[in-house]
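Across the two complexes that follow, chain A remains constant while its partner is chain B and subsequently chain C.
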Partner chain A sequence: MTGSHLAAAVPRPGPGRIVRGVLLLALVASSLAPLVLLAIWSMSGRWLYPALLPTEYSAASWRALGAESLGPALVTSGALAAAAGLVGCVLALPLGRALARLRGWRRHVGAAAAFLPVAAPPLALGTGLQVVLLSVGLGGTVAGVLLAHLVPAVGYLSLFFLGTFTLFDERVEAEARTLGATPWQVWRHVLLPMLRGPIVEAVALGFLISWGQFALTLVVGGGAVRALPLEVFALVRAGQDRAAAVGALLLVVPPAIGLAALRWAAQRTAVAPA
Partner chain B sequence: MPTPRAPSAERDDDIPALELRALCAAFGNGAGLTDVSLRVGSGERVAIVGPSGVGKTTLLRAVAGLAAIDDGHVLVRGQDVTALPPERRDVVYLHQTPVLFPHLSVGENIAFPLRVRGQRGEAVRQRVREALAAVRLDGFEARPAHALSGGQRHRVALARAIAARPAVLLLDEPLSALDPALRADVGAAITAAQAEYGPAMLIVTHDLDDVGALADRVAALVDGGVAQCVTPDVLFARPATLAVARFLGIYQELVGRVREDGMIACALGVVDVSRERRGVASTASLVTLGFRPESVRLSAAGCRPDAVRARVVGIRHRPRGSTLVLRLEDGGAESLVEAAIAGQDVACDVGDEVVATLDPPDVMVYPR
Partner chain C sequence: MSIRMCLRRGSAADLIGLGAGVVLAAPVLVGIGYAAAASLGVVGPGATAAGVERIARVLAERTTWRGLGLTLWVAVLATALAMAGAVLVAVLFRGAGWFDRVARGLAVLPLPVPHLVAGALGVWILGQSGEIARVLAAVGAVRMPAEVPALVYDRWGIGLALTMAWKESAFLAVVATALLATRSVDVEDAARTLGAGPLQTFVRITWPILWRGLLPAVIAVFVFVAGSYEAAALLAPSDPLVLPLLVADRASDPDLGRRGDAYVATLLLLGIAVLAVVAHEWTRARWEPLDP
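This part shows the complex of A and B:
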């Protein structure tokens, strides 16, 4: 068979390609279908069995956003998540650098310590934290919930910055110091500008960690801090399906924006010297 | 913290730009630097040479304040900077491969040392222009740092260092990462940097061929300390210790015995080494003779019946000229020495027997 080895070099649609296509379609469908359903539900006016789609549409649920509990919950969650992202990043940046400078077993112990709050189930974490926060009078307060959110956020972001600083060329800092920069000037003029990409990523990650928290907010907030996931859960349990759909959609929007920010930052990440 | 430069040449001589006093710094698993003392005058270039792992880079980093020292003092223009952080030492350390700040342009990179000292405006731009001109990169201000070629990056790093006008510039293997065409380029830039305002330079190099071009004096760092600090020609011709001679790689060794008349007997016969170089070696004591292939003289066998006979067993071709490998027999013990082919009176080939003697003027004597 002359030329068979040439034919083999040309890619042809085979069973593998079909399987890959089906899997990709399934991935897209499983990601988007719940969101599409939520969107339809949130705008439905009249939707009775066995209609495939609502027979009437209404924006009533969305208009009620300001009046109902969802509006304030959105603000609470947004403030909590933004604070967790920013404060978490500020704390995790030096922590990650300190971890990256450890050598040998110390580094393993340090990384494990940072990973523990990430690995521990939030319910367990919250149960333990609640005791401490109650004793200092922060139980049931927004500040207490923020502190609780910071525990997994700082752990996760420390690991994130550990990776960043492991790749970071230490000579850059030495070069800046010997050229006359004080440690503060090294941060201000060299490290922070060079780490702009990773810092944006870290703030977005910290935001998302806090945004999706349910168990920590419930246990530490004691039901007094009404963040968005708690409200959505309450609406689902109360059978207010349309309002719950609106709340669920609101929960999805920030992660989508966060993901876009991560993509944007990832393209600008530069930790190596020119 | 730059101090005003000394007004007269005499004062420059009195207070060296850089002085190391009994510097001691451990690193790795070895002994590290145990006792390094050195003075570098203003405008002087001193090369540091020594075997791998002796601590050449550690020494530079310690002087720059980037590596910890265990004992000793670093003085810059007479001021003890041992306890000061790197940014206050008036010393700039240049890494072997240039480290430019990737988020800054070439001009901003060179302006960096001035900006962190609070300087702004036209004076900074003027200094950047001068520094770029010194390394022949005029007009490169706006280029992004990552768009430079290898040689250009070296030159920008040098320009940035001289823009800071430190009293002392520390260069770590400035030429070793470059191909031959670029070496000349960067070497010229180093000379130009020197001409710009005359800093003291301490230059680490592993390539002895660079020493003559880069430095006025050369310090041989051996066994944790400076074994010798002299001009390059003296180092190559008169290595002070056996360790230095061994590091240079061009010296061969033979065991010798000091005779009653002061001459030294070895496998290449009796050598009349001057008293000055023989030192305090007492009669009948054993010494090590260090000599280069050029010091071995050959003549036709048979002309001197009492002379040492040697058999040519091979030829080695080296960059500095080819040598004959000779097998000597000395009371049953065999030894191999090399003799330079150039400048010999006798032509010979592998298998020939010749008479070999040692030319005394360049033979070094070391205690055993």
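This part shows the complex of A and C:
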């Protein structure tokens, strides 16, 4: 019997149905309505105060996507996020595995070290990274921004793999070695097939972490790397709400699809993250 | 066991693991080192001679402390609201039926929304001519936008706190829901079998499980809110400036001599992050042991 079935079997202390109904309505208003409004804004034409909804609709902002700055920024963000997901996963997998082999207080020190770049405010992190990347000629370049995005992404994914390897049964690996497999063969034929699910999830998580990065892109990119969040921010600041809403939707949809896919994958994965 | 003892015992796994930790923390440690050196006037803009004058001057400014106060206030308020929302969802919608599943699904909808989009939504919904103002006008509660309480650029950062609470409540709802689904059911069942009432069960079983399990995530949310730049840039007041905005403001000061002040504010932000990391790991060590 699963946890959710057990939860259903336990008699709830039960607030009344009215309270639960009101709270559900509040959830619809607070969670769903803003995202629906985002879609309406992106299609709005004339919409003056105090009208609740637009009096005219227009697809002009969507049609202008290819011609204006959002299109190229979308491509830049997509490329950056894909690279951050792939490279971040390759780097974080051995780091997370190394952290998972620590025991006692050393494991907490390792986990804290991995959490540090995740917790550090991106703007503060960027000021230090900017100096280093400028000194090696990568300031204001896509490569420099990618390296900057990798810092929080690798930290986050290392924590992810720490959880994964904590639940991993190392006896499988030991048995393969006992049967004469080389370390490479163990990786190729034992570990990678077993870790396929977590690896896909990690790439998706790395993508999402890079996709929404604003401050790091701004500071390290120096305004020369025009990723999608920077363009949306500029449009909001300029009061171009319709174009900004289009960009905001473009920022929301890939993570939403990614997270839905992750939840689906997590339900199917044997080696689940902690 | 110290690193020296690890070496003596030849514990390769410990050395590799701690080495991995050093690699992961290095970019932040370098940042802290550079910010400290720039704050001392050794490197960076406005560097003249090493000394603590810059740090003393920035720390003596009322703007710095008001900014720190507003940053902490917004982070505490947003985290508390997000936690309250998450706990409500986890406790009231924990069944397996469609009603509960829909409610939990709605609660996690803001999860994939980037901070920037949350900030933009805050502007468009909470602004004096935003959606809430339009609804109030439609029901006749207000006639003009100026009659709507200002929640964008407002002095107390309420709009920013509400926006961040909305965004971060989804993360806490995921954690809280998972906690109750995996840890509390058997114990609650046992408590009820032993005669505990619903209130007693909640106070003595459900709530302790929730707050202990949620604490690391709550600390993470606190530091995410305190360090968020983009939502603050769209919603926070210009006086005082929250710390991320203070860093950006000082870093672009027309007076080159004052640009180095940004590093002192950066150090404050990084200090909050380091304290949060220590607290996060301490709470995990206390209640969420990592060892299998």
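Definition applied: the second predicted complex is superposed on the first by the 243 of 274 C-alpha atoms of A that agree within 3 Å, B and C clash if a C-alpha of one lies under 4 Å from a C-alpha of the other, contacts with A are read in each partner's own complex, and residues count from 1 in each chain.
What we mean here is this: a contact is a pair of C-beta atoms (placed from the backbone, for glycine too) under 8 Å apart; a residue touches a chain by one contact, two chains touch by 3 or more.
Small disclaimer: the values here were computed from a predicted structure and weren't measured.
Participant: Quick check on the superposed pair: does A:Thr182 touch chain B, chain C, both, or neither? Answer first, second, both or neither.
Facilitator: Touch status of A:Thr182: first partner only.
Participant: Going by the contact rule stated at the top, is it chain B or chain C that touches a larger number of residues on chain A?
Facilitator: C
Participant: Please indicate which partner A:Ala174 is in contact with in the superposed arrangement: first for chain B, second for chain C, both, or neither.
Facilitator: First partner only.
Participant: Once chain A of both complexes is superposed, is A:Leu102 in touch with chain B (first), chain C (second), both, or neither?
Facilitator: Only chain C is touched by A:Leu102; chain B is not.
Participant: State the interface residues of chain C toward chain A in the complex, per the touch definition above.
Facilitator: These residues of chain C touch chain A: 1, 13-14, 16-25, 27-28, 30-35, 44, 88-89, 92-97, 99, 102-103, 106-107, 109-117, 119-121, 123-125, 129, 131, 133-135, 137-138, 145, 166, 170, 180-182, 185-186, 188-189, 192, 198-199, 201-202, 220, 223-224, 226-230, 233-234, 243-244, 247-248, 251, 262-263, 266, 269-270, 272-274, 276-278, 280-281, 284-285, 290-292.
Participant: What residues on chain B touch chain A, complex-wise?
Facilitator: 61, 64-66, 85-87, 91-93, 95, 99-103, 112-113, 115-117, 144-146, 148, 153, 160-161, 164
Participant: Can you tell me which positions in chain A touch chain C when the two form their complex?
Facilitator: 3-8, 10-15, 19-20, 23-24, 27-28, 30-32, 34-35, 37-38, 41, 49-52, 94-95, 98-125, 127-129, 131-132, 151, 154-155, 158, 162, 166-167, 208, 211-212, 214-215, 229, 232-233, 236-237, 241, 244-245, 248, 251-252, 255-256, 258-259
Participant: Which residues, counting only chain A, touch chain B once they are in their complex?
Facilitator: 169, 171-172, 174-182, 185, 189-190, 193-194, 270, 272-274
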